[in-house]
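Below are two complexes that have subunit A in common, paired first with subunit B and then with subunit C.
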Partner chain A sequence: MTFPLVIKNLEKSIDDFHLSIPDLAIEEGTVTAVVGTNGAGKSTFFKMMMNLVKQDNGEIEVYGHSVRDVDDSWKQQIAYQAQTMIGCDAFTGEQLRNLMAELYPSWDEALFRRFSEKLNIPLNKKVQKLSPGVKTKLNLALNFGKNTSILMLDEPTAAMDIPSRNYFIQFLLELMEKGDRTVLIASHQADDIKKLADYLVFINKGRVSQLLEKDSLASSYRLFWLKEEPPVSRVPGEIKRTYKKVILSNQPDATMTYLSQNNLVIVDEQIPELEDIIQEILMEGEMVDV
Partner chain B sequence: MNLPIRLSKSSREPIYHQIENQIKALIASGQLTTGDPLPSIRLLAKELEISSITIRRAYQNLEYSGFIQTSQGKGTFVAEVDPDMKTSMASQAVEDAILKAISTARQHELSNKEIIRMVETLLQKEDNQ
Partner chain C sequence: MDTFRKALWLARIEMDVSKKHYLTLLIMAGIYTFFFYLSMPPYLEENIFIFDVFLIIYLVTISFSIKPKTFQYQKMDDDLYGSPYFAMLNQLPIKRKVLITSRFILPYMSIVIGMILALTGTYIFSPELQDAVDPLQLIALIVIWICISISIGGLFPASDPGDEIKRFTFFWSFASIIGFFVGLYLIFQVWLDTGFFKWTIYLANEHTLLSIMISIIVACLVTWYWFRHSQKQVKKIDYLQ
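Moving on, here comes the complex of A and B:
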């Protein structure tokens, strides 16, 4: 198994903000969603990966090369999309395309054209004249054109309309088919996460979770509808109770054992929606270990 | 191609297992026949909104037990399946459906007799149609 991105014991403090990542190895051919509330440190995390922000401690490796090395040829293997296009206002899409095609030896003209034509991106207009949504589309077209083995996308779909977002998902999945591309995506869109992600990483107040496989994470939670209200205020595994009889558990086995021992009847049960699990993790600050 | 796979969130059966069984059922019932293409792992993961790791696991198990075949660069296809296996798969599928109905009946506190009577009534109704 190849791990294009490896992080070891990373620490960074900016004023009173502290970000720490113990250990993270991103497997080739997978999509990892970076999930956190605003200001949780997602962008700082991405910038450190690109060596745009220097870590205080620890190591980041791209295909085995430290990003702090003098030789920075690893950069040609990553297409990084920041939340804003900085320094591009005075250029047209076509001019930026020329620049990128020269910087990235792997540039794929067909990919760039296909994406920009499908989304009707006006390539002869200056970037400053474009709406936020169209800027994002152009940014994506340029990053797809780079045809790199790693894509790091910081909220790529934020300002995009629904059809374009669906096309983006489809396009990205097609790129993933060969299995040698690796994607890190920060997103607040539940749909992106549900349709694209294999793994989730949570960033919560500067703390970064381990890599969590999406379906294992979901099935480590369970909602139980009970026939009667339980006699205790908290049954084993319970993290939330609604309508007195609906129990959300993060230890389903322990909850079920308790319920059957106490003759409490389960009327219905199911794996909760991913949104609800994300909500619990981000709002309660609960860090999961699966 | 879209596969008529419906995952149950309320089942305690692991998701990869649900996918495996439903694809087997589609093959057993003849809805999928030898040589039919299956969607790519990524595409099915997107459609079912689960991770590609889960789909890969289901496909690997199906391939191991001889239901599907993957050829490099061409994709995944339904394999030649033994007719006896299909028959036993079909009865398995019916059994599973009946078991599910029984568990619903139990939730409504129906007795065995009541369940049997209900099945008989439904069978008669079907025959009369």
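Moving on, here comes the complex of A and C:
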């Protein structure tokens, strides 16, 4: 197995905010979603990977090269999309394309053209005249065109319309088919995470969880629909109760045992939606310590 | 050499998008030439200080007037002031030396063009300046002023990576500017009983070669200092935006 991105005991303090990442290795050919509430530290985490925000302690390696090395040729292997497109207002899409095509030896004109033509990105207009959604699309087209082995996308679909977002997901999934690309994506869109991610990393108040496999995470939760309300306020494993009879559990076996021991009839049992699980984790912050 | 070649390529890209701003440089050179031409006779006679002040304001403004807004030094987040364009380039696979070198090329080019235009223009229209300097010495005078402009104007490209602005930074910056002009006044008007520009005319006339050499050496040393300052800032600053 190859790990293009490896993080070792990373620490960063900015005023009263502290970001701490014990150890994290991102596997090649996977999509990892970085999930957290606003201000949790996702963007800071991405910027540290790009050495735009300097770490206090620890190490970040891209294909074995420290991002703090004087030689920053590792940047040719990463396409990074920040939340906002800064410093580009005076350029047109074509001018930015010329800049990127020169700087990235892996530049793929066909990928850039296909994405920008499909989404009707006006490449001859100055960036300052584009709407936030079109700016995002242009930024994505440029980052896809870089054709790098690592893509880091910070909330790439935040300002995009639904058809463009769907096309983006389809396009990215198609790119992933070759198996040599590694994607790190920060998103608030449960749908993006559901369709794209293989792994999830949660960030809560600067604390970062281990890598969690999406499918295993989903199956470790269970939603029990009971015939009657349980007599206790909290059954083992219960993390949430709705309509008095619907229990969300993060320890399904313990919950099942308790229910059967107490003769509580289960009407239905489901794996909950990923969105519900993410919401619970972000509200409770419990998975961060897993 | 490869660093400079790549930096030049980056500067050319920047120049492509800021073509119309070079018109500003021509307009400014024209306005200031007219002002210098008008004020040259009283200045050469009575050392009026305001002439030196305007000459310094001119050399400072030409180094950043050619930049579109997005390339200019501005507030980027709560504490950080810098050039958003630099922050964007810093995300890309561009060697730090190339990136920093590229920031100096266009401001220095506009300084050279701006100074040649203003001083040659003033010389052509002002018989008083022609009497004070011979054509050959005029070359020395232009070189001296290009070097002074580079030394002072280098501050602007050196600031592109950014500065963390603390509570009293603006106060100290303002105080330094005032201090600079007060110092200039005390040294030249009070102590030497001449003007700064007039003193450089004297240097160009009396020590032509020496003043050219010293000006070039000083400009190179100061540019080296600005370059090192830029490198330190890039290593230090957190680009949170």
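The rule we apply is simple: the second predicted complex is superposed on the first by the 287 of 290 C-alpha atoms of A that agree within 3 Å, B and C clash if a C-alpha of one lies under 4 Å from a C-alpha of the other, contacts with A are read in each partner's own complex, and residues count from 1 in each chain.
In this text, a contact is a pair of C-beta atoms (placed from the backbone, for glycine too) under 8 Å apart; a residue touches a chain by one contact, two chains touch by 3 or more.
Because the structure is a prediction, the values reported are computed rather than measured.
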>> Contact-wise, after the overlay, does A:L211 reach subunit B, subunit C, both or neither (first, second, both, neither)?
In response: neither
>> Between subunit B and subunit C, whom does A:K195 touch in the aligned arrangement: first, second, both, or neither?
In response: first
> Which partner, subunit B or subunit C, touches the larger number of subunit A residues?
Replying inline: C
> Is A:A101 touching the first partner subunit B, the second partner subunit C, both, or neither of them?
Replying inline: neither
>> With both complexes superposed on chain A, which partner does A:S219 reach: first (subunit B), second (subunit C), both or neither?
In response: first
> Which partner does A:G87 reach: the first (subunit B), the second (subunit C), both, or neither?
Replying inline: second
>> For A:V246, using the defined touch cut-off, is the partner it touches subunit B, subunit C, both, or neither? Pick first, second, both or neither.
In response: neither
> Which residues would you name on subunit A as touching subunit B in one complex and subunit C in the other?
Replying inline: none
>> Considering only the defined contacts, which subunit A positions touch subunit B in the complex?
In response: 30-31, 169, 173, 176-177, 194-199, 213-215, 219, 267-271, 274
> So in the complex, which bits of subunit A are touching subunit C?
Replying inline: 14, 43-44, 47, 50, 52-54, 70, 72-73, 75-76, 80, 82, 84-91, 95, 98-100, 102-104, 128
>> For a test of understanding, state which residues of subunit C touch subunit A in their complex under the given definition.
In response: 9, 13, 16-18, 68-71, 76, 83-96, 235-236, 238-241
> What part of subunit B is in contact with subunit A in the complex they form?
Replying inline: 9-10, 14-15, 40, 42-43, 45-46, 49-54, 107
